[in-house]
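Chain IDs A, B, C, D and E follow the sequence of writing; residue 1 opens each chain.
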Amino acid sequence: MAISTLDQTIGQKQQSWLSGVLGSQTFWVFIAVVAACIFLSFATDAFATSKNLYNITRNVTFVAIIALGMTLVIITGGIDLSVGSVLCLCSMVLGVTMHAGYGIEVGIAASIATALIIGAFNGVLIAYLGFPPFVVTLGMLSVARSLAMVASNNTVVFQFGPDHDLLLSLGGGAWFFGIANPVLYMIVLALITGFVLRWTRFGRYVYAIGGNEHAATLTGVPVKPIKVAVYMISALSAGIAGIIQTGWLGAITTNLGAGLELQVIAAAVIGGANLAGGIGTATGALIGAALIEIIRNSLGLLGINAFWQGTFIGSAIILAVLFERIRNFRQSE
Amino acid sequence: QKKQLVIVVKGLDNPFFEAINQGCQKWNSENASSEYECFYTGPASTSDEAGEAQIVQDMLGKPSTVAIAISPSNAKLIAQTIKTAAPTIPVMTLDADLAKEDAALRKTYLGTDNYLMGKRIGDYMKEALPKGGKVCSIQGNPGADNILRRAQGWRDSLSGQEGLTELKGEGGWTEVAGCPVFTNDDGAKGVQAMTDILAANPDLVGFGIMGGWPLFGAPQPYRDLFKPLAEKIAANEFVIGAADTIGEEVAIAKEGLVTALVGQRPFEMGYKAPTVMIDLIGGKPVEDPVFTGLDECTKDTADTCIQK
Amino acid sequence: MAVLELSNISKHFGAIQAVNDVSLSIEPGEVVGLMGDNGAGKSTLVKMIAGNFRPSEGTMKMDGAELILHKPVEARRHGIEIVHQDLALCNNLTAAANVFLGRELRRGFGPFAVLDYATMYRRAGELFKELKSETRPRDLVKKMSGGQRQAVAIARTRLSNAKIVLMDEPTAAISVRQVAEVLSLIHRLRDQGIAVVLISHRMPDVFSVADRVIVLRRGRKVADKKIASSSPEEVTGLITGAIEQV
Amino acid sequence: MAISTLDQTIGQKQQSWLSGVLGSQTFWVFIAVVAACIFLSFATDAFATSKNLYNITRNVTFVAIIALGMTLVIITGGIDLSVGSVLCLCSMVLGVTMHAGYGIEVGIAASIATALIIGAFNGVLIAYLGFPPFVVTLGMLSVARSLAMVASNNTVVFQFGPDHDLLLSLGGGAWFFGIANPVLYMIVLALITGFVLRWTRFGRYVYAIGGNEHAATLTGVPVKPIKVAVYMISALSAGIAGIIQTGWLGAITTNLGAGLELQVIAAAVIGGANLAGGIGTATGALIGAALIEIIRNSLGLLGINAFWQGTFIGSAIILAVLFERIRNFRQSE
Amino acid sequence: MAVLELSNISKHFGAIQAVNDVSLSIEPGEVVGLMGDNGAGKSTLVKMIAGNFRPSEGTMKMDGAELILHKPVEARRHGIEIVHQDLALCNNLTAAANVFLGRELRRGFGPFAVLDYATMYRRAGELFKELKSETRPRDLVKKMSGGQRQAVAIARTRLSNAKIVLMDEPTAAISVRQVAEVLSLIHRLRDQGIAVVLISHRMPDVFSVADRVIVLRRGRKVADKKIASSSPEEVTGLITGAIEQV
């Protein structure tokens, strides 16, 4: 073989950028989201109003923010079922602390510390003791919600002490061009997550662990610390979502975030994260969350009976993966 | 060990029941030397209806249980549970009753006159907006008898007729598509649904909220949703009647974001229940039902409407 | 002076004595064949040298100085490179990402250092060219043939100026043509004064390329001979236990 | 090596029967269950009463029956998140059919047919189209509950037509030595499952698929039909549990079985089923379900604050796996 | 008459032409070496014969009669046995269960037939003894050494009276001693009149045991020669493409 050919071959990329994009599930779900938006703008007057868009974008954020953390977990090949309960517990810690008269910084610090401790607990059991992630986080799902009941004595917390108004405007306000604050946080967090995944060594290792954990260990990737970090980030994202959601709702009850874990996982998966590990993006998490919210919102606007909601959302979950399956199927047989 | 007067509620995740618990604990602290104690329990989530039935059975099977007061989240299911358990101790209902035809399964009902409560919610709405319009009701568990009775009272008040299961223009009132909304006592879910329904029906004129969940569970989004409508609410062009006076609800009324609140007295329920149960144990005659009062709040009466 | 010297190295996993009291030394530019039955402890031995396991007992020396390795990176810092038996590749990453796995190149400083994709692609491309392998740095390893995968794993060892390269069955299940490439790579390494340890079950490979052969049996070293003064028959006997020890 | 040695070696078993039992998670969880029962019998008067035991055994059954089906799914390396919703939908179909005046046979047939159709749908997507089980059954979780709402118009169904009483005594009665009927069904189903797993070719194939699906395919195991069958069995077990539970509860709402999937998976895992596939037993499913129910029941009897219950149950889930981890840990390092 | 005859067999996976227009025939008691680069199509070819894949084109004949296989069981019924490249073992099952996987012995009739554990243990034990392997039928494969695993995979082929045994790299990554066992097994099979197809990258193995060698390159058959009239150098050239075709 001539050297020039070898040079050429090595210089080539197997796929063009375009074919890479066209082959990605995230792209097609994105197209679905855009198509749905266009359709809804024509089909109903209520959709493309600034008010509705404000609501939709804000509703997306809580699932989307946690889906960012969950995506990291899923990329490493794990899963975190505890996020809904962790959100509730972190909200409660924030609420109870502020209600007791502490400032918002103390409240947020306590809340984030709680998230990190729980994440570290999950992570250490999973990474160092080799527990299955499903089992550990399923246990934590129970434990964290129970602790939230204990922390709040199961009352509704709705008075947040001296910084009450600050907390509410943090979560409920729109400080920037009329975009709901939570949306801003979501965008910032997504940019950070995207950056970390693509441009940092940590991000590279997250993918490597999901691709082949054994290989990562052999080549000297600090697999265990990174897995712990990933579960801490997941819990942290739930904690942050909890803080923002508290500011938005203005009250905390112990049913906050119940069942949220499955929605979050659905968002990540719809956005292209692969539960077998190794694949997933920050953008995907956002797009997945957006699709779920748009379905929910549009059914209401189109006057479709709310009972059918689950059917549409469930079908969307399955259909999102269908595209990826068809592509794989074509390639293999 | 003391003899236990057990209270089983719909779910621990609803702060309404915590007020019942506090009444129960107050009774305990005031009756520390009694041979009885009040014991409060329930499933973690209001949506866990089978879980409530299991707890009822556990409690009925416990020798220390001498009486039980239940708030059924699914009236039929708890009725069946009582039927099969065939308890020898007195059973009463609290906050929510069994269906009328199952009344014989419990000795009495202690709590709000839910039909009346719904009727009062409707009365306020009708009074504010006599010509009616498109409305939507927000409800809890589809099987909760107290909420269903409130909804009936509400419909009866608005329509001026009895027993309608859906308003289709009677008395000028129409329920829009997608209603009633069942929230399983989840506030955020309630507000989200209300937001969408309002967007889809710009000509909506009101909500009848049969439990305070959206107001006490998600007060800020509730405010955000109705602040733009504050003037219409003040002018009685948009009317909201809501149940309960929990958490931020009264504050919201004061801000003029709800036409009227019809509140209950859960603390009183929890506090009275042990006494009623002791009476039942002792075979004393007990009224059926025993109603606790209502607290009705509007913007103007918000400071004084709650009975201490 | 020996580039690497092991004294009385043992390793046990619970009750299993995988490597038992093995001593050996390797000179610069020497190619050592390491042979033995399945489970004889070959992979375990080289994994200790590569920093994947810590010896239960015994000491290692490199260029005369004691060598204590807690992790693979430390071994690499000392100039020890390894091609793992299972190649240790991540299918979901590109060839370049796999080559640089665990020692990514970065630009910028401190916390703002970001992955230097451009340089990694270029360097990986150069390495593949050196190995005469038609492997594209930007392609995912998932879609690569056995030979290309092997090239990626071997390219790793060329990232730094290694003093010693450990190869754990680099020729199992690859084709005749690629075996020849690997053997010629070993020759080139030797010519640069790099020591090579080659684990293989293929007698002809070891005899064609190694200067010395070490045989393990049930974790113990049972032979350490110049190739010139041994024969395939003798080595076979040592592996199977037909010959007790030499 | 002398032939006699070879003979001896081949005749040996690596582990004695006893060491096999002592090494199994199921055994230790069983010991925990027995220990808890003994402790509770002394600690509280209420535990060892025939009434309480009647309740406990009956409560166990719903989770246990579904855990039997789930165990099969888990052995093949899959997961079925849809069981809670399938239970609800099957109950609804039964209820709505009987309420419409049909007999109990028609109701049960309709209900079981529903279960089998859903199971077949899940199974075909998973086995033939290669969808990830988590995604398919997560979608079905949404869809089935939504269909239950549609079927019932989200009302409570509590009148079951002409065979009303028969249905209630089927689920609520105790026809045999005062043992609750559901317990009898559970025992029969567990015996069948245990028999199938241990003594039939089908059972052997279920384990083979979980051990190495590719190997099973190559050696001619009909992998795809068996996977479909396994998801059908899982849905069927949920349907059966739904029928029995309807008979016991006497009323159905669309909240039935919400969140049950996680409880069922927890039971299977506590009982020793391994989410990675290849391992699990029918006995284990029963014992796992029993442990969860005993914890739940005892917390109430011991008068422990309801807020703490989740903490205990969550911890039990994690601890059950701990034993298995310790054993593996010892063996490897 | 040829026990097996392939005429113009092709197989493509989507756009990939894994096997392209291959014809060959094998006599009873003949040992045929099948060689080729990685990805040349060797495994794909034998998988078609074993009923794992159906050919995209072409026909197969067994003892003169056309052979159409929909699943592996059918191939076995015709007396075709295969040892897969990756052994195809289930780690969570016992050695005996693996040996009988897909053709479990049962007692009883119809729906009441249950697995016959006792007979399967006994038969598996006999097979291991025949293979001179210290493998316990009741042990889990998970805990077995490479050699024992190989024994389990090979024992499968001895379950029925095979007419042809296909072995896909049975000697990759196993030790010298075990290689010798496998080669002697092949001799014994041949002596019983059983045809053997041996896929291997190891030239010495093929040259020591095969009567004939077939070389595939990029899915095409490029050589089909008696071992006696060929040489390792020629075969190497054919594999790599240095020699175009013979």
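Following the convention adopted for this analysis, a contact is a pair of C-beta atoms (placed from the backbone, for glycine too) under 8 Å apart; a residue touches a chain by one contact, two chains touch by 3 or more.
In UniProt terms, the chains line up like this: A, D = Ribose transport system permease protein; C, E = Simple sugar transport system ATP-binding protein.
Please read these numbers as outputs of a predicted model, since none were measured by experiment.
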{"item": "Smallest count of steps, each to a touching chain, taking chain B to chain C", "value": "2"}
{"item": "Most widely separated chain from chain D, with each centre as the mean of CA atoms", "value": "C"}
{"item": "Most widely separated chain from chain E, with each centre as the mean of CA atoms", "value": "B"}
{"item": "Two chains sharing the most contacts, counting C-beta pairs only", "value": "A-D"}
{"item": "Rounded Å distance between chain C and chain E, as computed from the means of their C-alpha atoms", "value": "32"}
{"item": "Whole-Å separation of chain centres (CA-atom averages), chain A against chain B", "value": "35"}
{"item": "Geometric centre distance via CA averages, chain E-chain D, whole Å", "value": "41"}
{"item": "Interface hub residues of chain E, defined as touching at least two other chains", "value": "none"}
{"item": "Per-residue multi-chain contacts in chain D, two or more chains", "value": "154, 258-259, 306-307, 309-310"}
{"item": "Chain B, residues touching no fewer than two other chains", "value": "12, 44-45"}
{"item": "Complex interface listing, chain B residues touching chain A", "value": "11-15, 18, 21, 44-46, 177-178, 181, 185-188, 192-193, 195-197, 199-200, 202, 216-221, 223-224, 246-248"}
{"item": "Chain B to chain D touching residues, read off their complex", "value": "4, 12, 39-42, 44-45, 47-50, 53-55, 57-64, 74-77, 79-81, 83-84, 141-143, 182, 184"}
{"item": "Residue ranges of chain E touching chain D (in the complex, touch as defined)", "value": "51-52, 71-73, 76, 84, 86-93, 97, 101-104, 106, 114-115, 125, 128-129, 132, 134-140, 143, 156"}
{"item": "Chain A residues touching chain D - in the complex, by the definition given at the top", "value": "81, 125, 129-132, 134-136, 138-147, 149-150, 153-154, 259, 262, 265-266, 269, 274-276, 305, 307-318, 321-322, 325, 328-329"}
{"item": "Chain D - residues contacting chain E, complex", "value": "1, 3, 6-7, 9-14, 198-201, 204, 207-208, 210-212, 214-222, 278-279"}
